[in-house]
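When the chains are written out, they are named A, B, C, D and E in that same order, and each has its own residue count from 1.
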Amino acid sequence: GGGSDTATQNSQSAAPSSAAPASKGDGTLTIGTLLPQTGSLAFLGPPEFAGVNAAIKEINEAGGVLGKPVQKFDTDSGDTTTNIASQSVDKLLSQKADAIIGAASSSVSESVIDKITGAGVLQFSPANTSDKFTTINDRGLYFRTSPPDKLQGRVLGDLIVSEGNDTVAIMAMQDSYGTGLADQITKTVTDGGGEVVERVDYDPKAADFSAEIAKIKAKNPKAIALVGFAETSKVIQELVKQDMPASKVKWYMVDGNMSNTNYLDMPKGTMKGVKGTTPGAASPDDFRKKLAAVDPKLEDYTYAPESYDAMNLIALAAEAAKSDAGADIAAKLAEVSKGGEKCTNFKECVDLLKAGKDIDYDGVSGPVEFNDAGDPAVATIGIYQYGDDNKYPTKAVEYRTGNIAG
Amino acid sequence: MNAVPEREQHPAPETETEAQQDEAQQETVSKQAVSDRGDHLEGAREAVLRCDELIAGYLPGVNILNGADLYVREGELIGIIGPNGAGKSTLLKAMFGLVTIRSGTVTLKGEDITNMKAHSLVSRGVGYVPQTNNVFPSLTIEENLEMGAFQVPGRFKERFEFVAELFPALKERRKQRAGSLSGGERQMVAMARALMTEPSVLLLDEPSAGLSPKLQDLVFIQAQQINKAGVTVIMVEQNARRCLQICHRGYVLDQGRNAYTGTGRQLANDPKVIELYLGTLAKA
Amino acid sequence: MRRAVIAFTAFLGGLVFLLAGPAHAGPAECQGLKGTLKLQGQPVNGVKIAVTTEGGQPVKEVATNAQGAWDVQVDKPGKYKVTLDVSSLPQNAEVRGGTNVRTLTVYEGNCSAVLFALQPKGAPGQQQNASAEESPFWTQFAQLTFEGINLGLIIALAALGLSLVYGTTGLTNFAHGELVTLGAILAYAFNVGMGLHLIPAAVIAVIVAAALGYAQDRFFWGQLRRRGTGTIAMMIISIGVALFLRYVFLLFFGGQNEAFAQYTAQPGVQIGPISAAPKNFVAMAVELVVLIVVGVALLRTRTGKAARAVADNPALAASSGINVDRVIRIIWTLGGGVAALAGVMLGLSQNLKYTMGQDILLLIFAGVTLGGLGTAFGALVGSIVVGLFIQVSTLWVPPELKSVGALAVLIIVLLVRPQGILGRRERIG
Amino acid sequence: MDWITIISTTLKSAVGVETVLYGLAAIGINIHFGYTGLLNFGQAAFMGVAGYGLAVTVAVMNLPFWLGILVGLGAAVLLAVLLGIPTLQLRADYLAIVTIAAAEIVRLIFRSVAFKDVFGGSDGQRGFSDGFYALNPFPEGDYGFNLGPVPIFFNHRLLWVLLVGWLLIAVCCGIVYLLMKSPWGRVLKAIREDEDAVRSLGKNVFSYKMQSLVLGGVIGCLGGFVYGLAFASVQPDIFGTETTFYCYTIVILGGAARVLGPVIGSMIFWVLLVLVYGVLSEAVAAGYIPFMTSIQVGPVRYILVGLGLILLLVFRPQGIFGDKREIAIDAR
Amino acid sequence: MRAETTTSERKAAALAAFKDLAHDPGVPKPDPILVVDDVVRRFGGLTAVDVKHVEIQRGSITALIGPNGAGKTTFFNQLTGFDTADAGSWTFNGRRMNGVPAHKVARAGMVRTFQLTKALSRLTVMENMRLGAQQQKGENFWRALVPSFWRGQEDAITERAEDLLTRFKLAAKRDDFAGSLSGGQRKLLEMARALMVEPELVMLDEPMAGVNPALTQSLLGHVKDLREQGMTVLFVEHDMDMVRDISDWVVVMAQGSVIAEGPPDTIMSDERVIDAYLGAHHDAPLSESELTEQLQEAEAALEAEIEEETQK
């Protein structure tokens, strides 16, 4: 397989350089990953790495970029409680990375963006949601395929309203992802004629969530939007315990906690009828098979599509720019993401490119069209519904595509 | 810490002036050490507990005991006196396994107990009252005494009555935490704790310190009585005169080695011992 | 009857979509506004709805159909105003909340849902309605108190282990949180990995953890003590141990949340104002029994007293004939076991994660300190106070800051009673 | 394996920003804990209020950079006083928990949604460092040298931060050196040993503890500035208890109550972290450790660092510069 | 109020002051430095201290004796601000001292030592001593930064400390950590350190318990010197030889209250004091003849025993 090929390539590469990483290309596209192997987001690491690896595997199988296989160095971003991300970036920069994929946490990305973009290297996050990055001074080198939260929040809010829930509670994880989504949901629900009777921002590290749920219960809402990550399974336990099961109160979830593995331990039917949104138009199933090929133990898929798309886009932009330098890639990213002949995987796209055509890469996570700020402009959100087996099927109830900004 | 004196015979100075005192002391010590060694080997043959040429210390490279010898025969009451910092407490701790012995041996009833753990010595019948930190502050008096009888819990009641008779103050306060006791009361608890086990060898480190004169007398009388009852007692005291009055033999320790040995009376009357260690205050 | 069938069909709508091919699942062709009017579950027919632009220019006026649905397609995305004609409502219906106007945005290629919740006339307005449905303060208070005790007992159990070890050896063990995690993960391994029922799995886990506690002291901490390593150095070593263990867990257990095979998401039962899962009661009972038994044992039994003696003065304890190493080992064994039990309980009440112990470590420390360092019942009392304040304080502070409440109480209590709730002041001089 | 990268990143980390900022915080802790015996486990809060003081002043209130620095310093002093007045009478271990609690409160408030407008929630604040970089005397570019085949280069921004950071460290070490050999330092050390004895000798223990708390807090807050300026942002979670724990580790590693202890400790700590990671990830990438995947490198690094810490302290419990004799006294 | 008197006159002056005083508890002194009224301290049900009225004569050496647990240490704790009295008031040099924190008490010139010693373990003996000195310029934060401000004073302090250490036989331990001292040495250090403060009134809590008698004797000379320098000494001690030797006046406490006062000789023959404190049998030090008698007895017994044993 391509994996072992890359590994051997890696060992031969990385010739000593006499200066700090130049922003000029050297002919080989070198990717650094800065994703969580440890820390509070460690559970996001495996799917993200798998996404990148799956993409690289396909790219290299299709002949690599600029005729050479893509090189990759993995590093740990940790979380903000430790300062290791910056050390990891140092390592990647001295290994002459052209583009760095990461970090998962907005806060971590923020702490290293100056360092990365200052060195003329492209930073591409598959998961940052903070709206700060839209306006940040990134020298045009920062991009993201992050889940389009504004759209997702709108879609979810709309879904909640359209199902007739006039009293809604929101249980949101207290970080930029959770609060951003929650804000959007609140706005949509209120506009649409519902009322957000309680909004609880919770600390995901809290020892337990009973007080939060008690607060929600006190308001007796018809629907609860659960915005968060894996800790949602704790929240659900608490909901069931405090007599607000999905059969009584409607639960709505988001991509961070839509999981087909996390709730399997729960009694049958616990999740029955629960709806949630996840970005991406394609059926996740084929993609998951791809991921399984690179990481058979993978259980969670959060941000895997975004990581996969990020890698593909970088590779395509490099091909389009005929250069592996960060700045050159950045200059082409918007171009390959929109306006042109649609294609959905690297091989297809690169063939079109080689044929001199303008391409529009549509990824697993959505159509991915970058605006000027390097944020995706369009996205597709799928609405899924859990069945009796606490899983949701591969096909969505409904897909909605729209401009993220509105 | 002074350098370890050579083990050579020095001519003892005929006369001493005050100014020469320190030097003289040094010399006497060396001389004594050698002559004592023979006596020691002689006397130690039938000893219950004996230490031979103990070298021990706390910090790496600094020896506090520099070859101390000591023996005690069955039923004897031994007094150890000496200036502050001579190593008296260290000697007791070394015997009792609380300070690591670097060389030399400690023998109890023929068994080599060098560096044996303290608790196993307790089960061999040795009792010990430390000089400082001699109570469990957060335990009540009663519990302190219970700990004294840790290895013979069955006999706690009976022994408790016994020590309560000695120190009635303790019985009154049995539920008070030892940490709030006065200095003297602590000393009583410490003494009483050691008496709970009925040891066959008892090591006492300044048991009378901080006690009122009345109780000091009691301690000495009690030590004598215990001893008469067959318990071997080794007692470190700064109340040297009283100590030498009741003990069979005494050791004067200086700088980690034996400076003088002799019967209690010999020592108490030895002018040099008086001058260097006993003082003349109490005689007046 | 027919209506019921329709409702049922609607209910199964989702399933229909599931079974349908991709054609149905494509992006909805819709750009405008839509909604469904229902009164007590029944669709309301013939209600007039007017859509205007934000400026007030009329766009379209429609009426709801037999299913109660209406929709208005618009050409341009933007803000629109939707007005429901109250007079066209059935006699017995009114709009909940009063206002019959909604202003909302239509996005390109998307339909926005508009909700007019209807209610029978005469029923109280939505605002009052909501507050009438709201559970009274005391119900909430009771629930939170219960949760506080529930959490407090788990913390207490974890704190007990920490307090025992701290009490006897003076070691501030920052790796204690990891011992809690260890218990949970062991139980998980026996439970999910080997397929045992949770109860025997938990028992085995506690026994194994106790054995590991013993081994830890026998082969590690005890050796350090023998070398004369100071308590401060040991404290930092415990940080090293914590790192080591935590990441071993991450390596083998992974970063995700897991749950035990049994009792997960157990439905709650309502008892008076409190709703709780049966497992909570069992867990609380077990915790309370263990805490009291261990506490009493420390106060009453010979080994318990010996442990306190060792805590006070190890050299003197040895001089009294106590085998200090043995006592410490017993304490470590007990501490390991109790910590593991706390982990199981935490995993049972919440979920398992490799940082679960670390996440409550601060609360454990708070509990131990608040109660008075080194006292078993102090740990119990302190932890329950901490647990209670965490939960009950959410009545007044936002839940994201609930730890602030507990920590603030900790600070205040210590200011009034610097030696902790059950601690004793030391004598000077 | 790419040894050159490993060596280069390791060497750079020995003088890097993290080393500087943790070193500064650790110098503060050394004053608190090493010299005065105050178990202040809230050092992260001092860093936090300084960083946020600067950030909020400049980024939110649009005031000049220097004012931000003053606000940060003032906030640290204020925190020390607020924390100290009620808590300095507490016994060491109780003080520890109270300071942890206070620091957590500070962090949770920085992080909370309720104060998002001011502190920026969990993402923190940014955009306040321009004033600092405007003072940068180094023109744009990379600076450094090649150590044999190993390149050691910093860009102009980093170089400026490092220059200032190491100057601060030098000044702080100088101050600590002067103070600790003075009678003032003697009183602190005496307080560490036994407050009551010091009181009986007519020293105002409370006042000295407070001075120590303020001094250590202010030095720690310099670490907060360095963090904020080097990363051009502040985030609440970096000011959590973990950071304080690491600072303690650093102090003990270097040797408590030694002037240079925290600096050397910080270097060891970061070199250990970076070296272990570099070697591990390269070895895994090169396929020398076939049973490990690259994702596992992260956890394994911490496992090894944990082990390294344990071993260092097992074999040198007094730290690098510590005095074995001091450890032997009262080893309980 | 301290009159400048020549060396030899001090003791005489002190004795003269006490000469005509009644031997009642709480008797007023001609020139008291410390006056205590109605100090009460209770621990739960136990009244540890309940002193109606006591005065301490300036420039004298006063002994405070009493059985264990009489409340002497607790009394010291109240007076020096280490514990808060439940009731009562006291003045030092005419200044009210209730509620004054410990360090201010010490600065006012009233310094105490601790019965259970408080050596500053990880400071050297010398540093312990230096710490005692008052009004050090270098103890101010800002001045500490400039060594030249305090160097001179430090040297003077060191010199004084050296002197005391030599007297207290600790000179050889000068650079050792105080934590490594033996029990007796700690007592010595504790006392020497208190003297570094150069207080007006020094309160010693069992200073000689555990100190070698020969050294005690030489230190008593030093204490007498202190009096000659105009210092007032109040000390707790169980060593009657010492009390008799140096004290000008003795105050006896039992069960928290002062039960008797008087010159040493009178007090030691007081029936109540003998009963409560000194003990009926071994009251005075054994006379020479008694001593020999006892020794002979003991020896005879021992010899007999040994003989018995050897015969076995």
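We adopt the following convention: contacts are C-beta pairs under 8 Å (C-beta built on N, C-alpha and C of every residue); 3 or more make two chains touch, one makes a residue touch a chain.
The model shown is predicted, which means the values in this text are computed figures rather than measured ones.
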item	value
Top-ranked pair of chains - ranking by C-beta pairs in contact	A-C
Farthest chain relative to chain E (centres taken as mean CA coordinates)	A
Maximum centroid distance from chain D, chain identifier (CA atoms)	B
Closest chain to global C-alpha mean, per-chain Cα centroids	D
Between chain D and chain E, centroid-to-centroid distance (C-alpha), Å	47
Chain A-chain B separation of Cα centroids, rounded to whole Å	76
Centroid distance [mean C-alpha coordinates] between chain C and chain B, Å	61
Distance between chain centroids, defined by C-alpha means - chain C, chain D (Å)	32
Touching two or more other chains - residue numbers and ranges from chain B	58-59, 180
Residues within chain E bordering two or more other chains	73, 82, 114-116, 180
Sites on chain D at which at least two other chains make contact	108, 111-113, 196, 296, 299, 301-302, 325, 328
Contact set on chain D toward chain A in their complex	1-2, 4-5, 8-9, 12-13, 16-18, 21-22, 108, 111-113, 116, 121-124, 126, 142, 144, 146, 149-151, 153-155, 157-158, 227, 231-233, 235-238, 240, 242-243, 246, 270, 273-274, 277-278, 281, 285-287, 294-299, 301-302
In the complex with chain D, residue positions of chain C that touch it	170, 172, 174, 224, 227-233, 235-237, 239-248, 250-251, 314, 362, 365-366, 369, 373, 398, 400-401, 403-404, 407-408, 410-411, 414-415, 418-420, 428-429
Touching residues on chain B, where the partner in the complex is chain E	1-2, 58-59, 73-75, 81-90, 131-132, 169, 180-185, 187-188, 206, 209-218, 238-241, 245-246, 248, 263-265, 268, 275-284
Chain A residues touching chain C - in the complex, by the definition given at the top	36, 38, 40-46, 154-155, 158-159, 161-162, 164-167, 174, 188, 191-195, 197, 200-203, 205-208, 210-212, 214-215, 217-220, 230-231, 233-234, 236-237, 240-243, 245, 262, 265-267, 270, 273, 275, 281, 283, 299-300, 380, 385, 387, 393, 395-403, 406
Of all residues in chain D, those that touch chain E in their complex	175, 178-179, 181-187, 189-190, 192-194, 196-205, 211, 215, 325-326, 329-330
